[in-house]
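In what follows, subunit A forms one complex with subunit B and a second complex with subunit C.
The block that comes next holds the complex of A and B.
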């Protein structure tokens, strides 16, 4: 599991997750992920295009970050989720909490920055 | 040990044992879960018998594999075993490194390479015993299969090595209604199990105030209020909840973050997905839930399951999907095997390795 900071110069935190977002993956990246998104002081875009599996703890990590941002009046948007992650999100009805975008422009619009 | 070579002798002298720590292979599943196998400087052969380390696993060959040390890693060599040796899901076809934290599979047994102090080992063994007791307790909550009557059940529950948070149940609400449910708490281990037990007991005992348990959306909404994740160690759970009315053959169902139950009618080759969406229990305050209904025809079969049934890594390296499970369910019956066992076998046939990463919970209901 990897977390990459795509850009620190945008009006939103832009990070990318890669690999399996299972329990072990979450253990590995959670602290850095929370720091880079929920504690970044601005809305966040999380590129999920290279996450090919997301388990329950991965959902928990994303939702916790989204809720923390919501408490600050900000949003977290998922960008380009893999088909498998998309199915997981839909089954759990999670797009109610975490919107999805299929381009950076769409993500910016969803964040209300467009 | 046999087959020693000069190269291996050199490897042994490179063992790192700094600060009194020792290399262990820790059994993660099966009857020996929690066992710590100390890796010695001389290296070891592992097998069911005739080996330095013997494993109580019928899928292990008499002489299965060999472990030697190399720096912080262990080197694994398969000794022509019948079922193969795997490191993190990859078959060992030539001597391969087993770094700290990697998973070794020997037969059906999973072992993690860990570096521990003796005190840490003692603590782990105590924790493992606690998990075993938790498994026993969760099993004690699962109802007996119903072999006769208008609602008949079969099930299969296989806890993962770390114990996930699955459980399920069914009981009569009154003379005309049966309730069926399956719970899956996020995460693994004792925390998940404790949360599962708590939710299960709420459903079993009907201890949600002012709730009509024949109305799924009322039950889910009340559970959501009762179990906010912020007050329960960050745990949330998914649930499928259905109520079957005998007199009308109507099944009313709701779900909270759970994959759809599947209904296979006697006159159809394809399942109907009983799809209804709702947020997992505890995720946000005041989440709303809905229910849907379906009339169950004669001789239909309902499948309720946890995601651990299909979220596997397949032999060709891809992630299993719900579609894979549907294909299995729509496949032919197998004489001599009950439906849960047939499905388990088919999933295992597709799965890389032999141990489930998550709990496998499958409830099959015939009407």
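The block that comes next holds the complex of A and C.
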């Protein structure tokens, strides 16, 4: 599991997750993910296009970050999830709680920055 | 794609879950299982094994979790057995959160197991929890 900072110069935190977002992956990346998103002081876009597996612990990590940002009046948007990861989110009943975008432009619009 | 079986066991350690998941993935890919079946089987195993290791054992002893994966045409039948405390899956029903503020952080694993499998049961047999799951390729995915 890897976390990449895509850009620090935008009005939103732009990060990318890659690999397996399972229990072991969350253990590895959670602290740096929270620091880069929920503690960034601005809305966040999380590129999910290279996450090839996500379990309930991955969902837990994303929801925790989204809840923390919501408490600051900010949003977290997921970008381009793999179709099975997308299905996992829907089946966890959380799909409508965290917006999903399929282009960066759509993500910016969902953040209210467009 | 014909029939094929995989059987192995792991100790009750969270560190063993990802390698076991990858072993199942490799087995299913080697036998040309449908990508959605490969994904869902891994997901169901990850959630079941994690729940067992976290909640089934009231002592600090080593326990074995037995896994069986049977691939046949378009479906996988998986069994996961443990000798932990009895568990009734019907005793736990998650709420559907209406807002992000209401959403609980955890507790979605069993919901995912139910929704991403076709048949799911846990029975108590000879002081063991025996979970049986069936995962098939949805008709709309069969052309992939």
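Quick note on the criterion: the second predicted complex is superposed on the first by the 114 of 114 C-alpha atoms of A that agree within 3 Å, B and C clash if a C-alpha of one lies under 4 Å from a C-alpha of the other, contacts with A are read in each partner's own complex, and residues count from 1 in each chain.
Following the convention adopted for this analysis, contacts are C-beta pairs under 8 Å (C-beta built on N, C-alpha and C of every residue); 3 or more make two chains touch, one makes a residue touch a chain.
Values in this document were obtained by computation on a predicted structure and should not be read as measured data.
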| item | value |
| --- | --- |
| Joint occupancy of subunit A by subunit B and subunit C, clash or fit | clash |
| Which superposed partner A:72 touches (first subunit B, second subunit C, both, neither) | neither |
| Partner chain(s) touched by A:84 [first = subunit B, second = subunit C, both, neither] | both |
| Which superposed partner A:55 touches (first subunit B, second subunit C, both, neither) | both |
| Which of subunit B and subunit C A:23 touches, first, second, both or neither | both |
| First, second, both or neither for A:64, with subunit B first and subunit C second | both |
| Which of subunit B and subunit C A:98 touches, first, second, both or neither | second |
| Touching both subunit B and subunit C, residues of subunit A | 22-23, 53, 55-57, 59-60, 63-64, 67, 84, 87-88, 91-94, 97 |
| Residues on subunit A engaged by subunit C in the complex (per definition of touch) | 20, 22-25, 53, 55-57, 59-60, 63-64, 66-67, 70, 84, 87-88, 91-94, 97-98 |
| Interfacial residue positions of subunit C with respect to subunit A in the complex | 14-15, 17-18, 21, 35-36, 39-40, 42-43, 46-47, 50, 94, 96-97, 99-101, 103, 105-109, 111-112, 115-116 |
| For the subunit B and subunit A complex, residues of the former touching the latter | 162, 184-188, 229, 234, 236, 238, 257-260, 277-280, 283-284, 307, 311, 319, 321-322, 357-358 |
| Of subunit A, residues touching subunit B in the complex | 22-23, 52-53, 55-57, 59-60, 63-64, 67, 84, 87-88, 90-94, 96-97 |
